[in-house]
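The chains carry the letters A, B, C, D and E, assigned in the order they are written, with residues numbered from 1 in each.
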Amino acid sequence: DEQFFPLQSYRVGPYAAGGTGFFGGFIDYLNLINIRDGGVNGVKVTWDEGETQYEVERGVEVYERLKSRPGTAAWNPLSVGIAYAMIDRITKDRVPLITINHGRTDSTDGRVFPYVFPLLLNPYSETSGMVNYLASREGGRDKLKGKKIVVLYHGSPYGKETIPIYKLLADKYGFSLEQIEVPHPGNEQQSQWLSIRRAKPDYVVLRGWGVMNPVALKTAQKVGFPADHIIGNVWSNSEEDVIPAGDAAKGYIAITTQASGAEYPVLQQVIKAVYGANKGNLDDKKRIGSVYHNLGIVNGILNVEAIRTAQAKFGKRTLTGDEVRWGFEHLQLDPARVEALGAKGLFHSINVTWDNHEGDGRVTFQQWDGSKWKVVSDWIAPDWAFLRPIIEKSSTAYAKEHGIKIRASGEDPVSQ
Amino acid sequence: MFDYQFLIEVLIGGLLSGVMYSLVAIGFVLIYKTSGVLNFAQGAMLLFAALTFVSLVERGTPFVAALAATLAIMIALGIAVERTVLRPLVNQPPITLFMATLGLSYVIEGAAQLLWGTQVHGLDIGISDTPFEVAGVLISRLDLFAAAVAGGLVALFALFFRYTRTGLSFRAVADDQFAALAVGLRLPRVWGAVWAVAGIVALVGGLLWGARLGVQFSLSLVVLKALPVLVLGGFDSIAGAIVGGLLVGAIEKLAEVYVGPFFGGGIEVWAAYVVALGFLLIRPSGLFGQKLVERV
Amino acid sequence: MATGAGVLRLEEGPPAEPIHQSTRERDSATQRRTARVAQTLASPALGLAKISLTFGGVAALRDVDLEVARGEIRAVIGPNGAGKSSLLNIVSGLYRPDRGQVQFGEHSFDQVPTARLAAHGVARTFQNLALFKGLSVFDNVQMGLAHRVRAGFLRQIMGSPLARRIEEENRAAAKEVIGFLHLDDVQDCFAGTLPYGVQKRVELARALVARPKLLLLDEPFAGVTLAEKQELSQHVRNARDSLGATIVLIEHDIGIVMELSDRVAVLDYGRKIADGTPDQIRADPAVIDAYLGVAHEDDTELAV
Amino acid sequence: MSDVLLSVEGLAATYNHAIRAVNDVSLSVRRGEIVAVLGANGAGKSTTLQAVSALLPARRGQVAGGRIVFDGHDIASASPAKLVRAGIVPVLEGRHCFRSLTVEENLITGAIGRDAKSRVIRSDLDQVYELFPRLKDHRGSISGLTSGGEQQMTAIGRALMSRPRLLVLDEPSMGLAPLVVQGIFRALKQLNREQNLSILIAEQNSRVALRFSDHAVVLENGRSVLSGASDALRTHDDIKALYLGGSPQSDVGEKPRIHAVAGL
Amino acid sequence: MAHLARTKTGRPTAETLWIGIGIVVAYGVVPFAGSDYLLDAVLTPFLVLALAAVGLNVLTGYAGQVSLGSAAFLAVGAYAAYNLHLRVPGLPLLLDLVLAGGIAAAIGIVFGLPSLRLRGFYLAVSTLAAQFFVQWALTKFGWFSNDNPSGVIDAPVLRIGSVSFTTAAERYVFSLTIVVVLTLLTLLLLRSQSGRNFIAVRDHEIAAKVVGVPLLRTKLLAFGMSSFLIGVAGVLWAFAYLRTVEPAGFNLDRSFQILFIIIIGGLASLRGSFIGAAFIVVFPLLLSRIGAALLGRVFDSGVLEMSQHIVIGALIIVFLIAEPRGLIALWDRAWSAVRPARRPTIPT
């Protein structure tokens, strides 16, 4: 028996660094499962890569090409655009779509999006986590009052997605807020940072992407803004974002759902079993344990554990997409289980349910010391209770627009 | 009250970013001047040069040796391009050549990444991007250095084109390749030389931009910043490249800071194009561009 | 003359001036000339008054007056750079004179509106080829009638009766001219690949197809073999005789000019230095000095 | 050393590997000789001349057969630049000036081709200006804006600046005033006599061409069908009829045919 | 439309015959024999890009105005159709399509105005203003995407009257029909006086003006027509192919891709647009399949992709050298070697 993962990877083009890291980590973990455990309960995991260059239509092409392969477990595109183009298709084909750390916020609502899983962190939770971190740095949420925060966002739909939620949080906590756009690709930010300098904010939140991140750090240095008051979001938190900035990045802080570093047991096993057998996916071994690589590893853990969960119910065999969905909807990894998986400290925990497809991931903050990331905070919980109604408002609107019936329970979404 | 200090800061910041655009634009101008074609591979060459250099350095080559090696490679590239692309396409319409440079950019980009990988590299060229303050205005050392380099290049090329016969033959080749052949100009040499020089300019631009952006794929996108510079200054004017660069930089930043807020920001991407367009309607071949010679 | 038969027939209404097909002998031609000249002052087909044109200091034309009578073949000759082409460019509105007026019939212009030129019945050829290289010869010729097509593009696509009728008419006209000018063999070839001489012929066809009232020819016979020159000049003459076209001709082949034209104006350094019948011009010492040289036949004496 | 400077044997040429423009052309130019190429429009004169100057590839044309020998060397694979340095200098049909360069700059480019010193250039320039006073007046004008005849003068002057040994002229008299034509031919004849300049010339103005040249070749449909001393050809009846315009009855409605000549 | 099938002499040509056969196969065989993958991921994008290329060819190939902003008009078409559908209840799909094309045409005309003054690369670079402005506006103003936080739009179900097109084959047939009809209409336009005017303006603007071609109208017609076609292609791209699109999908690369198609296929040749589109869609897929099959075990997908990049770039250069007039000329030459030469008529 085999369980198949079609991979819409991107190893070329502007986002190649992220793609090689993430898919490298994912494949490394799948390899580990096969080598170390002989598969998930004896079911081998297989995969096939299709290069997308991060382009939607190439992603769709790969989808159409690979979708009919038997035993497809789940899709993991790591691209908002591709994910969007797939929502209708995977819903029709009844295979889960995993958008770890990215994707539509409202797809958290499993009642409306039964097959979409923005695992660990959606953009709103990320925003809330950020603000909670700043509050903790200031010594409490009440201390945010009167503070000034600038959000510097990438001029794309991704960048703009959190504009309203930042506004809500600003109103709620009473900090003043300015949101400034950096046009794509973001290789010039002189005017934005001059405006920031004039605004004299306490913090700058960097909601960047690709080349925008190092340029932001460099330009911040040019206008004399301290790096340790710049907080990067989840797509501004990798080594690739800071290394090009050189010294300017020293002290920069970024959010993450998974710590970096190779000291975690699971990574050590990957190094030994996979790289030892010369089956490692990364060309450059120095990148083992980097942010994107670890995200790939965590993504691998979540996918494999979802299969394991589903196998417990449906039997140790090749599962259908719907059965894997069931597995994801019951994916409960508490800290103890995470530790058993050798990932204690790598990520905190997850508890996905049929209606909460994010699974309430916690975030932590890491600081760049010039050569590596160091965790500088506890695992912080976003304000889920505050966010849930907002998400539901959006998802029910979507359901109405598209004529989707809202699920009332975790049963098979189609048979209802 | 209007904040003049800030205005000046924005203006200077804009002018200095503009110089960085000029660095890229010069490469375009050189090639346009000798073949009448917009070389879309300039961005790829920039990436290739910077990537080669940084990879050599990371593999332990001393700075100067890496620089020399990259220089040699860029010259070889220029000559190779002449052999394989330009020579067979002599006397073809500009759009055909334009397309060929697009194909070329595929080849160069692919080769660069294949050779050196897709990782993101930091690049330290020994000039820090830290600011110092002059009358309350922060100025970065790297910017100043870039300005000096751009100025130097422009002066060099301008003198070259004005006072040497090679300059004259460059212009002749761009005008009419068929006639150039007929009078015995050695097109292969002219093109080989120019592409090699464009390669060197790409290296200079690549290093300076790489120091700011990091050496990564996005480096090839800086060409988009150079295009409005070209139309504003004139495709075939070296001086235009620098004046255009300054103008574009200033326009962009002032527009973003003072006009942007009315649109919700982010207008930088097109502001320069729109201004350049408005300007072109008055002078259809840019500030310093050669006017179209056409009579019946 | 035997060749008359092969040239454009008249299809449209009567020409502006009665034509005496029968009187072909030289004397009667001279008579006609005088008659035309007399008529000039009454209503010239084209009048240029005090035209001056400079290009950044270089005076291309200075105070040039020129009158062209209806139905006349009017040659303009002069040394290279004398301003002949510039004159035509002014008449076709491509240059705007610094001073002076251009008069077509009763219309008078500071600058002639080029876009309406064809509609006014003016056609021209160019000194350096100005064909549409990417169109077939047939289509090039048909382009001479572009101004006639008034149907909007939707009607053209849908083939409305009006659009179709015009298209058919234009095709027929083009076909006819192509037949007369012996371009049938090449009518489907791209114009750009043809030999120089043939391209010149296509240009003439493009100008003739519109049956212009005023035809401006800028060195139409350059690069054409001698025999063909004779033939083409017949066509030019017949454009006048059968269509009643008025023709302004610039040409350096002085033999042709003298044979073909009713009156000749001579420009030198932008000034008109002589104006008169071919015989007068041939004898004018100023013209000989500036332009013709001693041997004005083609048999240039080369033995020095 | 043979006294044949250029010989073309059985030349065949195509465009785009498809359209055959020249089938079988043979001609030769001796040192110090002037050879005229005559033929109707489309006979293949320009193609032949461009083949001699190695310019066909730039127009996507190819030499498909035959040999071209210059000064004892087969020049089939030589580059145009090399040929110019060897002394074959073309004046192209349709002028082809560098439009945006001034007249004087155009002339100077002719000298760059042979890597001349500036002093030599100066004196050569003066000679060209002497031949074409009109150009002197317009030395600073953008050549693309000058009159047709001025451009033609510029093109010829530019070629002379290269100090050719074999000047290849494609319709040099086109668009030039009679006086200027006389002047040019006189000057070329003089160069021919004094400096032993050889000339290959295609010319529609056959009377002038036959008077001017020592030898002539007649092309028809891409073949050389007749050749001989110009004096002899001048009195040849068919040549008279077709190229000198002397025939009284020829129906101009018919396209000129030269089969009768070919049969001779 | 009967006059389409005839040449000047009134006889149907071999070419018409081939087109006829092609259409019969495209309708009669492909939808039944093709797999979903072939229909959805290869043929539909091929058709849509071919239509866009036909549009750009009208402007660049025929009328000689180089544009680098085609993707902008794709985007305008897509977003216009989406908004019309959303905001005008009950609007029939075909009308929606035409209106969206019309809006693209209107915007195209606005951005075409500079063409009256600008030439060559100056104009080309100026069209980038359209490219960046449109993309910016679509991202900036949430209204265009019905305030979707990600700027993404979802396509409605394609429905004409009571017939709906939901399967891959149905969507393919829908696209095919639109593309065929519009291509034929374009062909008619190009064979009419307007088509000749385009070429005249391209080849010699002054001469065109002298013979009475209305320059302003002709250029704007070219911009309008071209943007209309590209706009409709944009609708198909969004509604029939991807079914959800974001503004980032219409970036400069897409514009270049379309320009690529027409130059590689052959400027001023509609057949060339199709051949070029086939090349650009199919060839990379083929290459990556072959690469993966042969070398997939040895190299990772990144290396393969990069090598493909190089191969495609090199091929483009090789093709241009072999025949600067594009694949279609290469094809015609090969064809005429087999069959006796045809004289060129108006190139299509």
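By our rule, contacts are C-beta pairs under 8 Å (C-beta built on N, C-alpha and C of every residue); 3 or more make two chains touch, one makes a residue touch a chain.
Since the structure is predicted, the reported quantities are computational estimates derived from the model, not experimental observations.
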Intersection of contact sets, subunit A vs subunit C, gives B, E
Which chains lie in contact with each of subunit A and subunit E? B
Could you work out which chain's C-alpha centre is the most distant one from the centre of subunit E? D
By the contact definition above, name the pair with the higher C-beta contact count: B-D or B-C. B-D
Subunit A-subunit D separation of Cα centroids, rounded to whole Å: 74
Computed distance of Cα centres, subunit E from subunit D, in Å: 47
Report the inter-chain centroid distance for subunit C and subunit E in whole angstrom, where each centroid is the mean of the CA atoms. 43
Length of the line joining the C-alpha centres of subunit C and subunit D, rounded to whole Å: 29
Which subunit C residues sit where two or more other chains touch them? 85, 94, 126-128, 130
Where subunit B touches two or more other chains, by residue: 113, 118, 264, 266-267, 269, 294-296
Would you mind listing the residues of subunit E that make contact with two or more other chains? 136, 139, 206-207, 302, 306, 309, 324
Chain pairs that touch, as defined at the top of this document: A-B, A-E, B-C, B-D, B-E, C-D, C-E, D-E
Inside the complex, what are the residues of subunit B that reach subunit C? 295-296
Which part of subunit D faces subunit B closely enough to touch in the complex? 53, 55, 57-59, 79-81, 83-85, 89-92, 96-101, 105-106, 108-110, 112-114, 142, 144-145, 158-159, 162
Subunit E-facing residues of subunit C, complex: 92, 94, 114-119, 123-124, 126, 130-136, 138-139, 142-144, 146-149, 153, 156-159, 163-164, 167, 170-171, 188-190, 206, 210
Interface with subunit D, subunit B side, in the complex: residues 90-91, 165, 168-169, 171-172, 175-188, 290, 293-295
Quick one: in the complex, what on subunit D touches subunit C? 15, 19, 40-43, 46, 93-95, 134, 138, 141, 145-150, 152-153, 171, 174-182, 185-186, 189-190, 204-208, 211-212, 242-245, 249-253, 255-256
